[in-house]
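These are the structures in question, set out in turn.
Shared between the two complexes below is subunit A, which pairs with subunit B and subunit C, respectively.
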Partner chain A sequence: MGFRNANTVIEVRNYSFKYASSDKETLHDVNLKFHEREITILVGPTGCGKSTLLKSLIGLIPHMYAGSWSGSVIIDGVSIQDRKINDLALTVGYVFQNPENQIFMFSVERDAAFGLENLGIERAQIRERVDWAMSLMGITDLATKPPHELSDGQKQRAALAGILAMKPRVLILDEPTSLLDPHTALELIQLIRNLRDQLGITVIMVEHRLDLIARVADRLLVMENGTIVEDGKPREVFGKNSPSLRNIGIPTITRLYQALNSSRPTGNVPLTVDEVVDLIRQKQRTVSA
Partner chain B sequence: MIRFEKVSFHHPNGQMALQDVNLEISPGEITAIVGENGAGKTTLVRHINGLLKPSEGEVSVLGMNTRKVSIAKLSKLVGIVFQNADHQLFSDTVSNEILFGLTNFHFSETASRQRLEWALEHFDLKDYRERSPMMLSGGEKKRLCIACILAWEPQIIILDEPTVGQDYFQKERIREMLVEQRDAGKIVIIVSHDIEFLWPLQPKLIAMSSGSVIAHGAASEVLSREDIIQRSKLITPQLLDLWKKVPLEGDPPSDVKEAAERISKLSTWI
Partner chain C sequence: MYWVASGFIFRRTSSPIHDLDPRVKLLISIELFSLALAASRMEEVALVFGSILTLALIGRIMRRLGKTVLFALGFAVMIFLINIFVGYPLVSAVEVAARFVTIVGSTSVFFLTTSPDELEHVMKWFRFPRDLVFAFVTAVRFVPVLLMDALQIMDAQKSRGLELDKGNPLKRIKNFGPILVPLVVNAVVRSGELAEAMESRGYGAVKKPTTLYGLTTTIKDRAVVLGSLLLSIPVLFFFIVS
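This part shows the complex of A and B:
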């Protein structure tokens, strides 16, 4: 796998976390490396610890939540516990599931500037970065609009622009497409992929809609009960005969392929309809020849 | 039966939200309403429990004109599960949340207790009966919302985007519940973008765009039309897409099992 040799951006090492209000660990001995330019999808049933892991990657845990931990989360060689949270904000950007929880200023551009203003960045530079982020997201013409007049897809782009203006090296998204129709969801995912290609950023996102999204990911992590149980390229992970896959939404077309090849349950599996169409045509040609 | 006849609705500011809608929705089938945000899906649904009355035309629900019948009467017949569970839950315990509707609809104490136990059992909430709804996970909250509505056995069940924020396992449970209600002869209406979730249910589909119904019919027919897919901002379900592209004989299969059986019968697949 190409990314195994790429630069590590975030490393999670023997990391466990327990909320003060809970009697058992939410994350248990997690070991992970996130690499530069890698798009990772994190899946797992509700309550498995996905959100806790995301919060740990941006330092919200342990800085803002009461609890106890062991092990460490290391960004650029420095443990997160030893860094200030406003310093981390320039390295790791976090987009909430519902953009309405994130955008709140009177206009799209003011909202996109909010993070930078809080960090005391110089005015001219803020202007430049905000314009850059809005143009990347294709929302320059919405700059002066109040957020409540935007469609859901536009709100999601506005939220992303505010984060991108901080020029993070890592982008973390919590179910970015759950409120979007399938068409707009695919557009957003394409946009995220372009960001990786153009800016070389690392993307980590929680997603349940694997039918749509597995195909654009480099890596799929499956979580269960606070630990990582599967880790690999989506088509490798889906190709495994692992009981933990029963609780995640393997794409319909992949399940069909597996049903047709029950004697060969493991290996690389197709993720799109077009791949399966090709396979069927190949078979048809072989038989007719 | 629910019937919309020449229904239009405009907001007080004059903005048109529904335009000349004509529909019949029957019991014993699942009807899915699809369309981009702002297409009028929620406005349409609110006409069914009388929260909104048509500006022009008529809506009749189980033979009653919604203009002439009280919301109180309609709301006992029509249960709506909102998209965001937090907008629906407010009681101090799970049990009280379920009892709220039953009490308001004047169920006797014995009947209320029976229905409560049924709902707790059926939706796997027994262990949480004394817990605050706010302490439940997202999936559990959604189950509780559905339990609260089904407890008083409405004839018509409407779910607004029930799969948002739900994991695979929860979605499967919601799907089973929809089938159960359909088979019990209820009118089941679901507003959803989640086309892979809907496809195995083979619902009647109502596609909306800019306040108008642009298609109404069997899912396989409506979703075979490229113009409807584009205007509703949908994506073709994978099994239908496969059937169109290969092409394979007969109607497209509704689930993976059926698809695999039919493909493996072809001598070309080994």
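This part shows the complex of A and C:
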């Protein structure tokens, strides 16, 4: 997909941030544009600034963290430093790493309504949006369940429903699969792709399970020491053999393909088992012909 | 050790008492509380306690009420002994202790049949400040979470050799240090994330937030209000006069 020509929803311009408790900048001169309907994955080693960048995209930084910054993060033509965080709630939704910490109410449906209640939306509209969000997440049958009776996967869906009920244009997720088993993680990732396809939401997420996520991502950003060192389609980035990719967990199948291929191919490398199988069959056909 | 935590967690059930408007349940509880306070003779206390047991039976909370009463009995014994110690007659000491148990029982009828959701609605109806209501909601919501945290930390520390049940009472209290410190640190970290999640979901955006549900009374609620007032006011008057 040609996202470079799509509308920009968030622009990060020459943005640097330094926490008050730190001696050096956590983010250094970051320049990025996030486009409509794009699924972007942000990866990098621990402490490289991923969470700081995500929190900067919704205004939690600098509004809720002491520190100094330069540059700007622009949404709808306005720098978020000049807007209140709760003003952005209908534009950008943020799903935290631990869903437990963002479910406030005693039932799933009450929690899904929490954001809308805060914004003073009328009851009938809240009801409609809550039902819609719960049905989208497949948790309608859990509507009256209290959070402590939910599994981790169900909590993650409940947290997502609470964000989606506000119908944001951008969805930011911080390691959404970190507490989930591989099967539930895959389900969640497919769900995120469906959200993009059905609702046209822009998705920005930190995610380390590249084996699962690379196939659905449109764009991969690799961070190192507070800067973006790689930016492109996942298979292009993986095909670069760049030293910065060593510690980000390139999909096993991609590494296997590169290891077996003596010419160390760069460019479009396979991301899934099916793609490798296709390549092998293609090769077999060429040899037998 | 899950059973320790499970006792503190509210469970939704349905019963004629549970299904009442929470304000009606609060009124009944206040009536019983006032009657228990006004009851001065043993048979009066027994009448109020009997009413509480009847409500508990209808509300299917006998077992949980029993636990609360058992808990209150410990304090009741202390009250009884203090009364005896300061020279009150035996009958009077028993009455005071029994009245204490009845007072605890009267408030339990409300709290054991009212969900935290309903409590929140009642607080809003009484026009408590929004921040205070939200602080209450969050505190109750996170009781099971913090209990689970505490149990996990206890297991982790035990596996590293911490012996909680050994030593004299002072030593046992000291043993809880390695449990409390990580628990408090966890809670502080959690509260930071909660604050961020609140902000990102528009908390405080408007002065008058709306609600998905409100409180509505039915004919049944109104009948219960009328019936309970007609019963309790004359009895209360009789208790005070007698």
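Heads up, the rule we're going with is that the second predicted complex is superposed on the first by the 285 of 289 C-alpha atoms of A that agree within 3 Å, B and C clash if a C-alpha of one lies under 4 Å from a C-alpha of the other, contacts with A are read in each partner's own complex, and residues count from 1 in each chain.
In the analysis below, a residue touches a chain if its C-beta (ideal position, glycine included) is under 8 Å from a C-beta of that chain, and two chains touch if they have at least 3 such contacts.
Treat the numbers as computed from the prediction; the structure is a model and nothing was measured.
Enquirer: Touch check for A:V78: first (subunit B), second (subunit C), both, or neither?
Expert: Neither partner.
Enquirer: State whether A:S151 touches subunit B only (first), subunit C only (second), both chains, or neither.
Expert: first
Enquirer: Between subunit B (first) and subunit C (second), which, if any, makes contact with A:F114: first, second, both or neither?
Expert: second
Enquirer: Thinking of the overlay built on chain A, is A:G47 touched by subunit B (first), by subunit C (second), by both, or by neither?
Expert: Touch partner of A:G47: subunit B, not subunit C.
Enquirer: Contacts for A:H208 in the overlay, against subunit B (first) and subunit C (second): which applies, first, second, both or neither?
Expert: first
Enquirer: Looking at the overlay, what does A:P251 touch: subunit B (first), subunit C (second), both, or neither?
Expert: In the superposed model, A:P251 contacts subunit B only, not subunit C.
Enquirer: After the superposition on A, what does A:F104 contact: first (subunit B), second (subunit C), both or neither?
Expert: A:F104: touches subunit C, not subunit B.
Enquirer: Applying the document's definition of touch, where does A:L179 land relative to subunit B and subunit C: first, second, both, or neither?
Expert: Once the two structures are laid over each other on A, A:L179 reaches subunit B alone.
Enquirer: Is A:V277 touching the first partner subunit B, the second partner subunit C, both, or neither of them?
Expert: Once the two structures are laid over each other on A, A:V277 reaches subunit B alone.
Enquirer: Would you tell me the residues on subunit A in contact with subunit B in one complex that are also in contact with subunit C in the other?
Expert: none
Enquirer: Along subunit C, where are the residues that touch subunit A in the complex?
Expert: 9-10, 12, 115-117, 134, 137-138, 140-141, 144-145, 148, 190, 193-206, 208-214
Enquirer: In the complex formed with subunit B, which residues of subunit A make contact?
Expert: Interface residues on subunit A, with respect to subunit B: 44-47, 97, 151-152, 175, 178-184, 186, 208-209, 211-212, 247-249, 251-253, 255-256, 259-260, 273-274, 276-277, 280-281, 283-284, 287-288.
Enquirer: Enumerate the contact residues on subunit A facing subunit C in the complex.
Expert: Its residues touching subunit C are 55, 58, 60, 63-64, 84-90, 92-94, 96, 98, 100-107, 109-110, 113-123, 126-127, 130, 144, 146-148, 162-163, 166.
Enquirer: Applying the document's contact rule, which stretches of subunit B touch subunit A when the two form their complex?
Expert: 36-38, 137-139, 164-171, 193-196, 199, 232-235, 237-239, 241-242, 245-246, 256-257, 259-260, 263-264, 267-270
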